[in-house]
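Have a look at these structures, which come just after this line.
Across the two complexes that follow, chain A remains constant while its partner is chain B and subsequently chain C.
Coming up: the complex of A and B.
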């Protein structure tokens, strides 16, 4: 393509990045602003950070969300990895069908998922509880793990496994010593992805959390509805900082961001066999 | 059945490892959807601790007769299509720039920058955007300093669309990027050298080859946007309701779960139909153009 065309494309990219980042940069700036309501004049202060860590209810909610998402991610990681491993031994046609079914929780709107799970839970007698919330979030993040591990299986050389087996290793040993190291980046990426999706999933927690329990997204929602909150700015700034660290870790693990999304990788997984 | 037999002949016990998630899928996706269907025909609210409710067609007739529901469904689909279209138009050049213009070693840096917002909470993104566009916020202050007086668009439908685009744009860029990156530069060059103009090259080469990414992008943007209720509730103002809001209110305010179940069912069916249609149309277009992906 001509140079002028390419330059236009780059300008578009920068405009999009500006659109994406101006609100984020503004909120970091406002977290140090003494004048409340995100308004002017701008005076530098760190009061909101000390408020955040002394009187605010945000850290407690944050901690609860973190613990909860960690559990969900761990479960999703275990089940998802095994699922992807099992999928490799299906006929390609069947694997493609199962892959599609596994992606249903991504395709169905979260609102409908939450409502239907709430109905089932109420019917069974569990109602809104930690178990319901756990299972609901688990089924929503599970597809991400399967997708990411599938993609890894696709890139991986499977002959060492056959060799190990031929040389007399038990199936458990083959999985632990040969297969797992090969798919580990996918497993880790799946775990992190589940952690993040679960940590941020407002809808499912809004519907399934036990009455009176507030996770971070729910607390943030209530706070936004009641108006401007300066300590929320401080928390946003901290969360964005953590996100930057996670994203850098993610790319260090050798994960191209494109492979995270998209059913395309799932389709390829079916095709490639 | 014949296929079944063939499968058994090379059955590998390792395939049994899929059983746990198959079970979860059955209990947490399929069974709840069936419940949704069943509850559509029930007339009471079991949340209120009433005894086993009876059967009724009342919910269905009420749904069919409800002008508000159909109006909001139409509006949500319109917003969904609009937001998806805006995302596609905005994301194509950016995805192209990252995939083809940026030097390969900087590509992952740009991708990191694009996915970063995805890793922060969506509610925080909404909050950040609300702060920016509120009246008396940075944007209006900056504009009034330039002697341009505008009213803040916060609490209008425009704000809902803006925030939805803001939230879902990264998904579209990522999906398109993963497809565009796979296009061989030589094919594009060949097309241009052989005399096709840019529009033709785009229609015959770039577009067909980006269809898989485009489809997953549409799926990841359109479905959640149509089902959204948080954004319209927070920034849409009094006229901001979408179909998600009316479904949500059946559970959070009116406690009419049978009616809410019917509305969810209809929403799900409509979404499935539209997605099937889009997928069919795009694949058809792709075949007719002659792209083989």
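Coming up: the complex of A and C.
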């Protein structure tokens, strides 16, 4: 009975894994397929890669999105970490209330957030601009950083900070020497989360980007509607490759992606715990 | 090393509605080892945190060598603290952990290195400098924490339940080790624990704390053999508590009840006063039925604990546990009665 149950669970696991990974594998396969629109017969080619790096408008859009996301993530990281640190000094009661306020922007659909930001920006005369787009994306990703760093603060042992203080360290030194290394996994998770959310965020960028500027999500969206070409598959394959490399690097450094986000991945992360 | 005495006067502290300390005062002679002993939540850790300045008392003073340090910032008090969970810095190696206080005091690096090595040798961790603290065992982490607290040459060393997370065997070694180091450098030490055996083994002086008040203070032997209250007798080594009334027969006073009569040294109360009697199980001895202080003990069950036999039974109608050394109780049979006696100096009684 329990053995059959276990077997069923195993089957479920494999179905879920297949569901998650078949599209990813498919797109990599299709990026080498000579027949466009992902159709058969499958003929191996690297044409799409050469198209991607010669005539395609994708790399430029991708580069813009990367630069933009990095900037937003960096800002979110700095502001978010300091916000979370500041929250620790409020009473637990107030911190809980503020926590609620922080969660709201995550729950509110981006559609609504983007329109309200656009309305506000137009009202103050900024309109669609890089600054508006930057601030809009920043507002959306900040809560991730604050919540992830908060979580780290909650699970972290705070007594080493008292020990450092007792040994004569100033508040700034305590933060730098003890607190920051302790919350670093949370900070990094927040940064990565911000980067991903921002890199992906079609909605906000569609509403807030200056006229004529196209980020990667916007370009891809336009492409899907008209003029789909398989160099998009090539770009997707490259992005997947980069993601895989990042995950491997992190696990080499002793973090698993799951542990960064405060989730267990079966094995305990060896570092900073 | 600079050795200082410590005095605290009338400490009071409340957290919200909860009054944690209700006026605690004591002093430790310089170079002595004092234990604050009590159940969890009795306020002993709060006292320690007030002494080192991590917590501020609502009322009362802390004096080091007669100087009031109550208003001095924690890092200026020159007091070393070892935390319950060690509170090592996980991102630094052993040397950096131990040397942190010196670095904050702007001691030049070569001297830091020299003193770190010295401190690590003192706690028998020579050569551990480059190790990561997260890879050390509990006992080793404990030693690093001790070295870190001692390397700055504090006037007073505070230890907050430093051994409670260690397993029994290592705990025994560390008790001995800590006491040894403390004697060697002669530092005034306050040790917080809820483990009565630990307090008895290590201390020059014990202060028993219950619900924010001092229940009893004295040297280990006095505290153990003459517990001053029902709480003290129960917390330290679980004495038997019997109820009876005071009676007198000639010069000798007794605590008597249905089925027993235990001799006591009279310290107050009149004939007929209802009292509670604390008598430790290991102070009872077998005797002949003709002995003048003999009482009949009915043995219900005996349990072998390795060091001794635990004899569970009744004295008259009241439950009594006797602990007897291995050989002496082997022949005793369950569900039989025999005679036992206890000397009056080993019995204390309290007004009921």
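Simple rule for what comes next: the second predicted complex is superposed on the first by the 244 of 273 C-alpha atoms of A that agree within 3 Å, B and C clash if a C-alpha of one lies under 4 Å from a C-alpha of the other, contacts with A are read in each partner's own complex, and residues count from 1 in each chain.
Criterion: a contact is a pair of C-beta atoms (placed from the backbone, for glycine too) under 8 Å apart; a residue touches a chain by one contact, two chains touch by 3 or more.
Not measured: the values here are computed from a predicted model.
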Simultaneous placement of chain C and chain B on chain A, clash or fit: fit
Contacts of A:113 with chain B and chain C, given as first, second, both or neither: first
Contacts of A:23 with chain B and chain C, given as first, second, both or neither: first
Which of chain B and chain C A:82 touches, first, second, both or neither: first
Touching partner for A:66 - first (chain B), second (chain C), both, neither: neither
Touching partner for A:196 - first (chain B), second (chain C), both, neither: first
Greater residue coverage of chain A in the superposed arrangement, chain B or chain C: B
After superposition on chain A, the shortest CA separation from chain B to chain C (Å): 9
Contact residues of chain A, present in both the chain B and the chain C interface: none
Of chain C, residues touching chain A in the complex: 52-54, 74-75, 79, 81, 83-85, 87-92, 100-101, 104-105, 134, 148, 152
Chain A-touching residues of chain B, taken from the complex the two chains share: 3, 6-7, 12, 14-22, 24-25, 27-29, 31-33, 35-36, 39, 46-47, 90-91, 93-94, 96-98, 100-102, 108, 110-132, 134, 136-138, 141, 166, 169-171, 173-175, 177-179, 181, 188, 192, 198, 212-213, 215-217, 219-220, 223-224, 226-230, 234, 244, 247-248, 251, 257, 260-261, 264, 267-268, 271, 275
Residue ranges of chain A touching chain B (in the complex, touch as defined): 1, 5-6, 8-10, 12-13, 16-17, 19-20, 22-24, 26-27, 30, 37-40, 79-80, 82-83, 85-91, 93-94, 98, 101-102, 104-113, 115-120, 122-123, 135-136, 138-139, 142, 146, 171, 196, 199-200, 202-203, 207, 216-217, 220-221, 224-225, 228, 232-233, 236, 239-240, 243-244, 246-248, 250-251, 256-265, 267
Of chain A, residues touching chain C in the complex: 157, 159-160, 162-169, 173, 177-178, 181-182, 270, 272-273
